[in-house]
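Going in written order, the chains are labelled A, B, C and D, and every chain counts its residues from 1.
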Amino acid sequence: MKVNKIGVLTGGGDCPGLNSVIRAVTKTAINLYDMEVIGFVDGFKGLVENSYIKLDLPGVSGINHKGGTILGTTNRDNPFHFLTLQNGKEEYLDQSDRAINNLKSLGIDGLIVIGGDGSLHIAQKFSDKGVSVVGVPKTIDNDLSATDVTFGFNTAVNTASEALDKLHTTAESHHRVMILEVMGRYAGWIALHAGLSGGADVILIPEIPYKIEKIIEKVHQRYQQHKKFSIIVVAEGALPENGEMVVQKLVPESHDPIRLGGIGQKVAEDIEKISNVETRVTVLGHLQRGGQPVPYDRIMATRYGVAAVKAFVDGEYGTMVSLQGNKIITVPIKDAVEELKKVELTSELVEAARAVGISFGD
Amino acid sequence: MKVNKIGVLTGGGDCPGLNSVIRAVTKTAINLYDMEVIGFVDGFKGLVENSYIKLDLPGVSGINHKGGTILGTTNRDNPFHFLTLQNGKEEYLDQSDRAINNLKSLGIDGLIVIGGDGSLHIAQKFSDKGVSVVGVPKTIDNDLSATDVTFGFNTAVNTASEALDKLHTTAESHHRVMILEVMGRYAGWIALHAGLSGGADVILIPEIPYKIEKIIEKVHQRYQQHKKFSIIVVAEGALPENGEMVVQKLVPESHDPIRLGGIGQKVAEDIEKISNVETRVTVLGHLQRGGQPVPYDRIMATRYGVAAVKAFVDGEYGTMVSLQGNKIITVPIKDAVEELKKVELTSELVEAARAVGISFGD
Amino acid sequence: MKVNKIGVLTGGGDCPGLNSVIRAVTKTAINLYDMEVIGFVDGFKGLVENSYIKLDLPGVSGINHKGGTILGTTNRDNPFHFLTLQNGKEEYLDQSDRAINNLKSLGIDGLIVIGGDGSLHIAQKFSDKGVSVVGVPKTIDNDLSATDVTFGFNTAVNTASEALDKLHTTAESHHRVMILEVMGRYAGWIALHAGLSGGADVILIPEIPYKIEKIIEKVHQRYQQHKKFSIIVVAEGALPENGEMVVQKLVPESHDPIRLGGIGQKVAEDIEKISNVETRVTVLGHLQRGGQPVPYDRIMATRYGVAAVKAFVDGEYGTMVSLQGNKIITVPIKDAVEELKKVELTSELVEAARAVGISFGD
Amino acid sequence: MKVNKIGVLTGGGDCPGLNSVIRAVTKTAINLYDMEVIGFVDGFKGLVENSYIKLDLPGVSGINHKGGTILGTTNRDNPFHFLTLQNGKEEYLDQSDRAINNLKSLGIDGLIVIGGDGSLHIAQKFSDKGVSVVGVPKTIDNDLSATDVTFGFNTAVNTASEALDKLHTTAESHHRVMILEVMGRYAGWIALHAGLSGGADVILIPEIPYKIEKIIEKVHQRYQQHKKFSIIVVAEGALPENGEMVVQKLVPESHDPIRLGGIGQKVAEDIEKISNVETRVTVLGHLQRGGQPVPYDRIMATRYGVAAVKAFVDGEYGTMVSLQGNKIITVPIKDAVEELKKVELTSELVEAARAVGISFGD
């Protein structure tokens, strides 16, 4: 089938590199295949409500290095469970057919969904209903299966690593324990990479339940080596052995940081209580989602965008573009969303961290 | 009097540029005047406990661009009210004579105190007791009288401005109000400068009590101009009209950010409650104190360090080096610590902010 | 006279902060005084050729942190000596009356000229012919009289200082002399500030002719202190004692770096020839003019833009806005362009540099 | 064989991440295997001249984020062809046995060589003579076979991409063609990645000889789309069809940029001559080798360092650690040095670049 017109939307939380994908999709579709490109506004909400803009070459010019998404996004709207005004009251209804009708009436041959776990689940359901869909894996958390890396992740690691560089000097000057709480509710990728890069002494991740005594042991051990400060990186989903996760359980896609009483705060209080060492917490929060993408993410996002259009031309519907090694391939969307990709305890990365003296509190 | 040996210490919270001052003091004292330089460790604590290192040229090499202080610092120790173990129990006692004796026994002719309001108060008291003291004004808050600018301030503004750049893209993509809480318990300098630089729509500072309705009015006005997001910078000491400051009252020097239930959180909750616009808060916290100083601060800190040594040679004891316009001068320390320098409501800077459309919530 | 409509243009070389001024001028004129604002395209060329755009609030939204100028600029076009096609051949003619007629026919009450020495000279000549003009001082070189600082300068210093940070590690690892050639044909402000910030060992500026032997003496002296590397910052207009400036003499405004055989290269060759120490040169060039303005420049540019509009309202024609200490004032344009502001040999800044061990090769 | 003592050295040009490898090697050897670690000073020179330091935990503390190498490096010294003073005159002699004797007399069981093509060639020759060697792939150029990526490369791309961001604003404001010449004498990896990230319009690399007419065609085509500026990235080894490489042929390891009359300059002159569009060149040079490594490189360098020590323990002599996909493996050194890894013309990366409209001048 000749693809003449494609739609594209960005779903879920903000992520550096979204604009690079939109730009690459648009340029590739127009330059190589003479397609028309429609951008739905504010994610799946625009698809249901038929709110869209036409994307052309001037419209995507100069956005490669910009954070955010020119299409807007939300992490609340699901066409299969959509807040609808019905007979004067609001109800959650299945509006997927309305969305599909919009695609048809616009003459759109297929849809590129740029999103994380939640958005790709929805994409899969549209695929099951016969829509030609290609997914692009997006999450700063890097916890999506079936791809080596998601775009946005390296930018988030960069932001967290820069924060650690800043905290280092203050920790050292004041002889403090400094805790940085980063994103990662279900997987510790950001914490692990930022900790390796930023010279952390302790890294706490959801995959490895921690014992507070082990953390304090590490702090004391450093004191004995005349290092009167320690740096701890805590993923928001880290939890003590036999404990429960401190963060509130929200819908999976909406993992904005929970500030009050988060795990970083808990670890700090426990350290101060037990060891009497002055401890401070910084919650990095939204700073991890914004800002200019680092070159690595701009390039990967561009490659993903190009590959997504080519996947359409090749008729590979129901797939997601994916990085495996140095290669971009396509995989079934459902392989990506079946289960989260977690840090393996015996992986070379964790072993490398231990080798350079990092404690996981276990 | 020929000055043969000087002491130097850093007091109060961490601040980018401390090392540049230490380096400049040491190099100037040795290169120009053949003095010896003693660095007391961990601020006034080292002075009381006679804990020090000898500073020489190799020891201050390569530290100009580094955050923190190679001498260590604390914001808790005051020789005039010093936690002392006396007959088996801890008491706060005046240990200033012990400190002065240490200076004498080390043969130190004078002391350079690099610090903010609290440390300079102590310096003044030593000066009153006959110690030859010169102060160097340090605070990221820029709220010290008798100097145009303190070093560290421009680095903190830079960090806050970069954070705003990051929040901008997410605010815009998600149509949110994004709030950044920055330091400034008594004066709004960081909030004002960062807001001007980072394109804030609303700036809330301690000097201008805000009305929540005025903030929401601004957010709505932007909606009507098709700008579905707003950026708000809040100094930690901002407070509503007829309200009380939300932060806890701690000792002046120790203005580390109070996370739980800070003013940023309050403003966010009030906006969501009244206007139903999705609002998120980020507390910048310790990130403002750390990291490499920006060139402006490295240069100013260097000039201050050189000038402090020259002030000694010129016998200008009891003074603080100060920037006025493009010139470094000396002023009596007591002029600097009498009252905090606050943002003036009718100043050109505030007027400029209003002219470009920034609301102060008043 | 009520000012109803103003024109604005940017002239001369690119400079970080131009967009901040344009934004502040436009917002102030519209928000406070309900004026119309016309932006002439490509500097004085647009004024002569009546090429312009209407500036409104949406048009200046989101440009505060962007380098460059949305109005375009050139450093070649002078209305009083304008390349004109006349009877089929090109001639340089006085087209200032044509420019003035354009202003009249557009109903423009006055013109804001954002520019450096060259552009402000032209502004002065229009003022002499009766046009209501206000100038805004722009040059990364900071060599404009009658203002403490020009916007763009601190960004250029930042770029040069970051480059020195990068060169440092390589110099140290390879035991090399590393030379960084920065802008500054007639004044050494960038070299002096970047050198102070970036820990240079030698700074060569036009104001202090150097002796190559003194440079090598410094390199050798460092060797004896076991520092087998040296960092030299060279302003492009630096010159040896009894020597002549190496750069080509171009028109004053057009001080783009001359790459081939520049002074940095000459110094490197002389060092290698005489001392046999491995020496490398990097010419920073255009990188100094571009990129996002640092917060200091964004704020100053904003203040200048606001003040320029207010100067019009106050009828202060023929003036330039200027920073003196912490205050924005207005000064006659001719005070600014009479002579370049050079580094004074006995200034506190030069003395501070010498105190921390920096050699000027004299 | 139990490995008790290992040596490590860094060879060739400076590269961000060297210190991270040294730190990881030292920490792993001491923490996990209780080895002693000897660092030879200034690369192979130190090995021949028996100049070394003992590496311990305090000695590698705080260097993870620092550019350069604490061990020093040179790109001139080859033990198999070593400048030796013999009977009063200097000759190039084989000093490899002297190096091997040094290893023996120090009781060193094996040698970790961190280097690029040249250094790994030498490592292979020592391996052939029976020395237990493990290599770590280092080059900012990324042109080493048998590994997906070398450390240092992503930092160089970051520096080049930031430079392009800066040049963009000036190019746009002045309607110029801006050329950035980056490293890459034999392979265009930096140019390709930086160009993709920085939004280049033309990328010239050694692997794809260019026609100047094709470049000008691209510039003109952009003019017709009302984009009056173009950005060109040129690898230093790029060359015109039927032309010869412009750079001087130096020894392979020593690819410092050739400033005078480099290829960037040639392309600029040709564009100005043929099209009359104002064109400027910036040569990035040494800035690409220095500065703090980006997190990606710090992490990879750490993993390489850990893996290199483990390779020793596993007896995998004569190998090099290598990244393949997400995994660190070992490969024979000779696989890495047989031939340079070049950009493939039909690779997905080149195709992606073409899809987003980038011309390779072919």
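Going forward, a residue touches a chain if its C-beta (ideal position, glycine included) is under 8 Å from a C-beta of that chain, and two chains touch if they have at least 3 such contacts.
Every value quoted in this text rests on a predicted model; they were computed, and no experiment measured them.
If you average the Cα atoms of subunit A and of subunit C, the two centres end up 42 Å apart. Chain centres here are Cα means. That of subunit B falls 31 Å from that of subunit C. Residue positions 165 of subunit A are each in touch with at least two other chains.
Taken as a graph of touching chains, this assembly is arranged as a ring, one closed cycle with exactly two partners per chain.
Which chains touch which is summed up as A-B, A-D, B-C, C-D. Of all the residues in subunit A, the ones that touch subunit B in their complex are 10, 13-14, 16, 18, 42, 66-69, 72-74, 159, 162-163, 165-170, 172-175, 178, 256, 259-261, 265, 280-283, 285-287, 289-291. Only residues 23-24, 27-28, 31-32, 57-58, 61-62, 64-65, 148, 154, 157-158, 161, 165, 193-194, 196-199, 225, 227, 294-296, 298-299, 302-303, 306-307, 309, 324-328, 348-349, 351-352, 355-357 of subunit C touch subunit B when the two sit together in their complex.
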